[in-house]
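Read from first to last, the chains carry the letters A, B, C and D; within each, the first residue is number 1.
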Amino acid sequence: MNHAVTIDNDAFQHECGVCGVFGHEEAANLTYLGLYALQHRGQEAAGVTSCDGTLFHTHRGMGRVADVFGPDDISRLKGRHAIGHVRYSTSGASVERNAQPLVIDYQHGGLGMAHNGNLVNANQLREDLERQGSIFQTEMDTEVIIHLVARAQGASVEERLANALREVRGAYTLVALTESRMVGARDPLGFRPLVLGEIDGAYVLASETCALDLIGADLVRDVEPGEMVVITPEGVRSHFPFEPQARRMCVFEYMYFARPDSTLDGINVYNARKAIGRELAREHPVEADVVVPVPDSGVAAAMGYAEESGLPMELGLIRNHYVGRTFIEPKQAIRHFGVKVKLNAVREILKGKRVILVDDSIVRGTTSAKIVGMVKAAGAEEVHMRISAPPTIGPCHYGIDTPDREQLIAANYTQEEIRASLGCETLAYLSLEGLYRGMGGREPGYCDACFSDNYPVAPEEKTPQMSLLREETG
Amino acid sequence: MNHAVTIDNDAFQHECGVCGVFGHEEAANLTYLGLYALQHRGQEAAGVTSCDGTLFHTHRGMGRVADVFGPDDISRLKGRHAIGHVRYSTSGASVERNAQPLVIDYQHGGLGMAHNGNLVNANQLREDLERQGSIFQTEMDTEVIIHLVARAQGASVEERLANALREVRGAYTLVALTESRMVGARDPLGFRPLVLGEIDGAYVLASETCALDLIGADLVRDVEPGEMVVITPEGVRSHFPFEPQARRMCVFEYMYFARPDSTLDGINVYNARKAIGRELAREHPVEADVVVPVPDSGVAAAMGYAEESGLPMELGLIRNHYVGRTFIEPKQAIRHFGVKVKLNAVREILKGKRVILVDDSIVRGTTSAKIVGMVKAAGAEEVHMRISAPPTIGPCHYGIDTPDREQLIAANYTQEEIRASLGCETLAYLSLEGLYRGMGGREPGYCDACFSDNYPVAPEEKTPQMSLLREETG
Amino acid sequence: MNHAVTIDNDAFQHECGVCGVFGHEEAANLTYLGLYALQHRGQEAAGVTSCDGTLFHTHRGMGRVADVFGPDDISRLKGRHAIGHVRYSTSGASVERNAQPLVIDYQHGGLGMAHNGNLVNANQLREDLERQGSIFQTEMDTEVIIHLVARAQGASVEERLANALREVRGAYTLVALTESRMVGARDPLGFRPLVLGEIDGAYVLASETCALDLIGADLVRDVEPGEMVVITPEGVRSHFPFEPQARRMCVFEYMYFARPDSTLDGINVYNARKAIGRELAREHPVEADVVVPVPDSGVAAAMGYAEESGLPMELGLIRNHYVGRTFIEPKQAIRHFGVKVKLNAVREILKGKRVILVDDSIVRGTTSAKIVGMVKAAGAEEVHMRISAPPTIGPCHYGIDTPDREQLIAANYTQEEIRASLGCETLAYLSLEGLYRGMGGREPGYCDACFSDNYPVAPEEKTPQMSLLREETG
Amino acid sequence: MNHAVTIDNDAFQHECGVCGVFGHEEAANLTYLGLYALQHRGQEAAGVTSCDGTLFHTHRGMGRVADVFGPDDISRLKGRHAIGHVRYSTSGASVERNAQPLVIDYQHGGLGMAHNGNLVNANQLREDLERQGSIFQTEMDTEVIIHLVARAQGASVEERLANALREVRGAYTLVALTESRMVGARDPLGFRPLVLGEIDGAYVLASETCALDLIGADLVRDVEPGEMVVITPEGVRSHFPFEPQARRMCVFEYMYFARPDSTLDGINVYNARKAIGRELAREHPVEADVVVPVPDSGVAAAMGYAEESGLPMELGLIRNHYVGRTFIEPKQAIRHFGVKVKLNAVREILKGKRVILVDDSIVRGTTSAKIVGMVKAAGAEEVHMRISAPPTIGPCHYGIDTPDREQLIAANYTQEEIRASLGCETLAYLSLEGLYRGMGGREPGYCDACFSDNYPVAPEEKTPQMSLLREETG
């Protein structure tokens, strides 16, 4: 039998996206479309929960939004309120059990929740809850939060949610739905984005503004770090139930995860990337003939680099638009196969040229080496790799699926060693200072732990076994 | 667009089946085959959970066993222990969320559970648990039991399970799996069957003996009402943690649900059915030419009736072996369509004959009327309907999906009214006394609430809303 | 990875069924239901072609009728005329290319055709046609016939079809559809059945009467051997374009293939089987306690045997109603596995008994040996195998998928050798004379080549390679 | 029920792609990967036929290459030779019957064929063939060609193919496979591209060089217009069996269909597009702030426009990378919905700006109007539409699925009317002269019928009914 290979995605994995609509005839349909616009934040699973004021209706499945939902599914999601979730794609165990939103019955009625982020004290909380008699049916942090809510004091769901969230540490952006209200919350440091929109008198919550754009909703404002917005038929109320803290929005959202057409906390992603590319050109100029982006995430930075350097930009690497997740590879291996199914090097552009390759990150280094190899095989005389970010030296503990530190090439090798392993003539990373110059300054405050090793919330000690439900892969 | 119709199943719906294997290299595969033999107990969903001593692996899905499981799924279910479940088919909402086994992490590790039955105090327990902070993600009684276990006192899982089960009332037959043991339990009245078998030194639990037969396991014995068997690598220990009570095995298991090749609590199902048919002939003889069973469940009783009456039995109704669940019916309705896709009347046998039709029950009466109509349309001169059971006057509260009392024809109409609505010449039901003569006596004790209105465990008051997760159906 | 095994079907394989409706608003829907009733004649593939007077619409697929067709598919099959086909299941290569009906454009317009049977000179005709420039896209005899029609002389499709059929030898029952008429044809010897029915002024053609019964059509009459019926809006015209020949209806249709509720050429299948069973009892009585049928095809004969012998019949082998095509077998083989997934032996009936097992055929002998083994393992003291047919000594060349002669146990071993290999105490086959006594006489004429080696149409010499399109199977 | 809408693709539809590998251990796997690289040429259906020297093996299906083929499918495609095909996506009837390659048995053995193009005399040929007794099972031109081959004179397949192709008029690029050779042919005018490559001693044929790149094959050369290459184990032989004619390669391949990394007849697609964009800037400058491409096909031309004009290029329209084919649209329509699911306008880039929008074509005008609307809604002060091609005034008769002339906006309205309907400030198209300046001259000869109404091969008169097999669409 021939062998199907999953194309190794040597990059930061995507994470999660959330969306919710309150008070609209077509709440589920709009939520579905919002998730569709947030598909880049997670392609592994998708789900929507609606509420018709009494009953909750849920449809979840593995795969992309357009594959998980059919017209019948949307029709069954009755009610004027809905929340939804897309989950990131991990290379390993992916099981339907872990799809969101999570929906429960508890003493105060029904509660649905969708969550983007990662708690650093989830295991401790889970053990505490189990000691009190809680059971866990999934591996998700969301289930920890929802248990805390079920046991929390408080006259309203927002009070109970606030009391629950006071016990957790880490990154969370969540939307919750009861029979009568929708709540959006962002952790005090604001690691992950959340915006509030409005359409036809209904309110919308979404991870990014691009979801508002698709459904034709107007942006009202960003939900603030530490803010909880409570949406009822009477309107939006804002709470700040937590101790104020310095803002620590994930800087990598701008550089990689978010869609370039989104504007997060007032800064447009595309513009930020381009400005960062300009800084990269200022910091690390090199004599060359052409600037070539590694598509797609490197394009804006390459445009900035080219503008600043005065060099022409050319699309010397062309992306295949029909990439699936698995391929049937011949036994007799094809050179650079894993990269070739995604990218092709254009000989007519690269031949005999001194090429500046602009990419946004080097994770394990395997893909970058293949790309450099492909560009050289296409005739480039020199390859100068320019990374529009500082070296990635630490894993993320706040919701992004990164390799362990041992697998991060920049955490284990010198820049010269990396350059040699990539096989390029020069290699340069943008400095952290350069990055923030591109972002328009260090304010209003970012998390850059993956570059600086400066973790704003201390990660939990690793416990040997988080969950017996965990599936081994293999 | 043409319309697909779900064939109305005017019969008692099937219920559930459980299976488990402890201590065998191929535990999941044998459990899968056991479920396959128990498929008649539930075609809506199937699932298997295995444990490799540390991790639990689960595969569940909607549909029949053979459709839910592929070779890869079995391969992933690693470990020497496994439990499984098939769920009955309801006409209404069927959602993957409610598939079993249920598997949890709790303070004492992992726990998987598969359950057949119905608790009559589930709503009350659920409310109590929610008041203590429990959350519910499904509508299943199994989740109630598992919450009680998670909160129960006790040094071992069997103690905790016993303490939990002391709080529940109603029917339950369950198999549970931890990292190191498998537990089988049957409620004190023993509504639902459970047998213990042995194969290659491994132990097997199953709802019926036919599951043992398929995998080549030997029957050790029935698990007794009120018994809990705990299976460890050291062997089987038996506990009777509950107050002893009079045995109340569901008599309808023998008459309808169980496979005729199964032997439950020492009585073979096929033999029982045939003996009941003989009693029916003694009680309700009629001058006629031929005895015709309504296949398949009426065949054994008809054989008994024919033997006792001295009349020939003929297969005057032929079953289509390829019945699916839905059919695309023409707009211009076909007479008796819903029954015709399942049965055909053989004119050559029925024409000009006085026919005794033997069936095991009349539920709403709609199907029986169509069958009588079909038999008459095929030329029968007289149709004498003989039911190998007393009139069904009460719904089941112990795990069988029956219509409400308002829909049970025998609870609302006289026998003569029913006869008239069926359009047959005579109609007779077996008496309860006749039924028990056929069963070999009233001992060792049965539940016959659906015939006698004598409910051994009082059903809970109906609460207006059991679960917000409940799906309405269109 | 665990291994899925296809359950070996050591029996004559089913063949094909055809159906057609002319002049009905819901032609495609009725044809679909007719195929559903004919599902026992083929489970591998199903298809329907409709015509709206101008365009032809076709839906075909691999699998059972209920799986191949959804409401949308039926809706798309527009028009007042339709024909359909179910294809038998072979153990080997099954490819969608070979699904029927076959539909073509040719010089006289459109033509759809569905065919049941086997031509003995197909290879020769194919070669001749190819020499004239014909191309073949399938391996089906139907394509040969349709090519002959396309090249035939004649003013009408029925003339062209008659001219084409004069060139072929072998068994064929076919329904054909043009823009304005439906044609049904049966070869001069009438190997395969075909009936004409009527519903709401529309005409129906079908392989068996059970298809008429399901859709509520009235039987008009059997189409005669050598007859061609031409159905137009004006009504039915009958043609006998071939040299009259002695009728040779396949006797095995009555004994195995046809549904017991069907009546073929005036003889009801169930009644024939039962009468054959009585003859078997007269020819081969034996002292025993109980008669047990091998379900399902052996039931009617066993009933006849029991009646004639005065012995009780018991259902000592219970069939699993949920048999799929593949099973995941444990590595550690289960005894009699292949048979056990289909049948279970009831110990309570068989234990200590002298059992007469009644079956309709022994093909390779492997399944029969497993059944005898199972019955003995369930405690039977003696097993007396009685076959309600003569020994099968020759393969079928007229449309039934039989093993080669080398694999037919009765063609290669003595009766005593067979008995010994089955492990039963006695074995007896019905004589050919007994068979015909049961059938009511040798008239009106049957093909019994598989029992008598007397082939009414000489089979073609085997050519080394029939088709380059043929798929090898692994 | 909610309604699924197919996103209207107001653009030229893709067409077809072919690939073949001769003499390689993994012929089918390499062909599959080649098709994967050619996926942009057709997403509706894919198929591969292999030959092991005797038997042909085929796997075809509806959908994208990665969805149609699994490892098992590849494994079954045995043999050292294979050909494959991807088919374009039409909005209408798409049926499996029309998938390629087409494989037949005929008098000279087996023959597989995959074809890209459109014959203008197909209907006439079809009628002629039918008159000679040919039957047609599909609607494909390929079947016409293959019938001609089956009836052609000639000692070898290449002679027969040449004789057959002398009868056809129009566009064809095809690969054919027999038991012992692979043939590639390109029509005398060379409408569609075909390249010859080499890998590990095996030969490869493919529509574009990007297929060679992915599998690591070296480009040997383009197959010439009117050339037939015959590949045998001895190597490649070249024939020019047709009357030489002026070359007429489809210029739109460069502008729209081909992948930018492909090089067709020596001209790199990306470079051509960029040069055309420069010409556009020279012909139609306008005072503005920013150049914005309509992704993806407009990007290269926009880069050229920006370079030439000295204006900055910004990615003001962001493409959603996860576009499926259908979406569930709310009842309350969303403005610009059909375009919004594919593109989003970035307010931060567009607001207050005078924007030059660069696109490659305007077909019906509906999509362009939505894009202009979206850009204005995002705050653009002025929108200047620049099309990197002349107005599209005629449909393609050579293999591209274009709307009828009545639907082509430029064929029915003045430029000013189009501008007004789009709602932009100015609109300008590149002139045909400008286009050819960008292409480097009118030589070596192109077909530009869609721009010039100058059809190099006269299209056939439309016949009222091409095929009775044609499916109407709802």
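In this section, a residue touches a chain if its C-beta (ideal position, glycine included) is under 8 Å from a C-beta of that chain, and two chains touch if they have at least 3 such contacts.
The structure presented is a predicted model; accordingly, all values stated were derived computationally and were not measured.
Asker: Which neighbours do subunit C and subunit D have in common?
Answerer: none
Asker: Measuring centre to centre with CA averages, how many angstrom lie between subunit A and subunit B?
Answerer: The separation of the two C-alpha centroids amounts to 47 Å.
Asker: Rounded to the nearest whole Å, what is the centre-to-centre distance of subunit A and subunit D, using the mean of the C-alpha atoms as each centre?
Answerer: 35
Asker: Could you please state the distance in Å, as a whole number, between where the Cα atoms of subunit A are centred and where those of subunit C are centred?
Answerer: 59
Asker: Which parts of subunit C, given as residue numbers and ranges, touch two or more other chains?
Answerer: none
Asker: Determine which chains touch and list them pairwise.
Answerer: A-B, A-D, B-C, C-D
Asker: Would you pull the subunit D residues touching subunit C in the complex into a rising list?
Answerer: Per the stated touch rule, the residues are 54-58, 76, 78, 96-97, 102-107, 109-111, 126-127, 130-137, 146-147, 150-151, 179, 465, 467-472, 474.
Asker: Considering the complex alone, what residue numbers of subunit C touch subunit B?
Answerer: Contacts found on subunit C: 1-4, 25-26, 29-30, 32-33, 36-37, 39-40, 43, 64-67, 69-72, 74-75, 200, 210, 213-216, 259-261, 263, 268, 270-271, 274, 296, 299-300, 303, 307, 312-315, 318, 320-322, 324, 326-332, 334-335, 340-341, 344-349.
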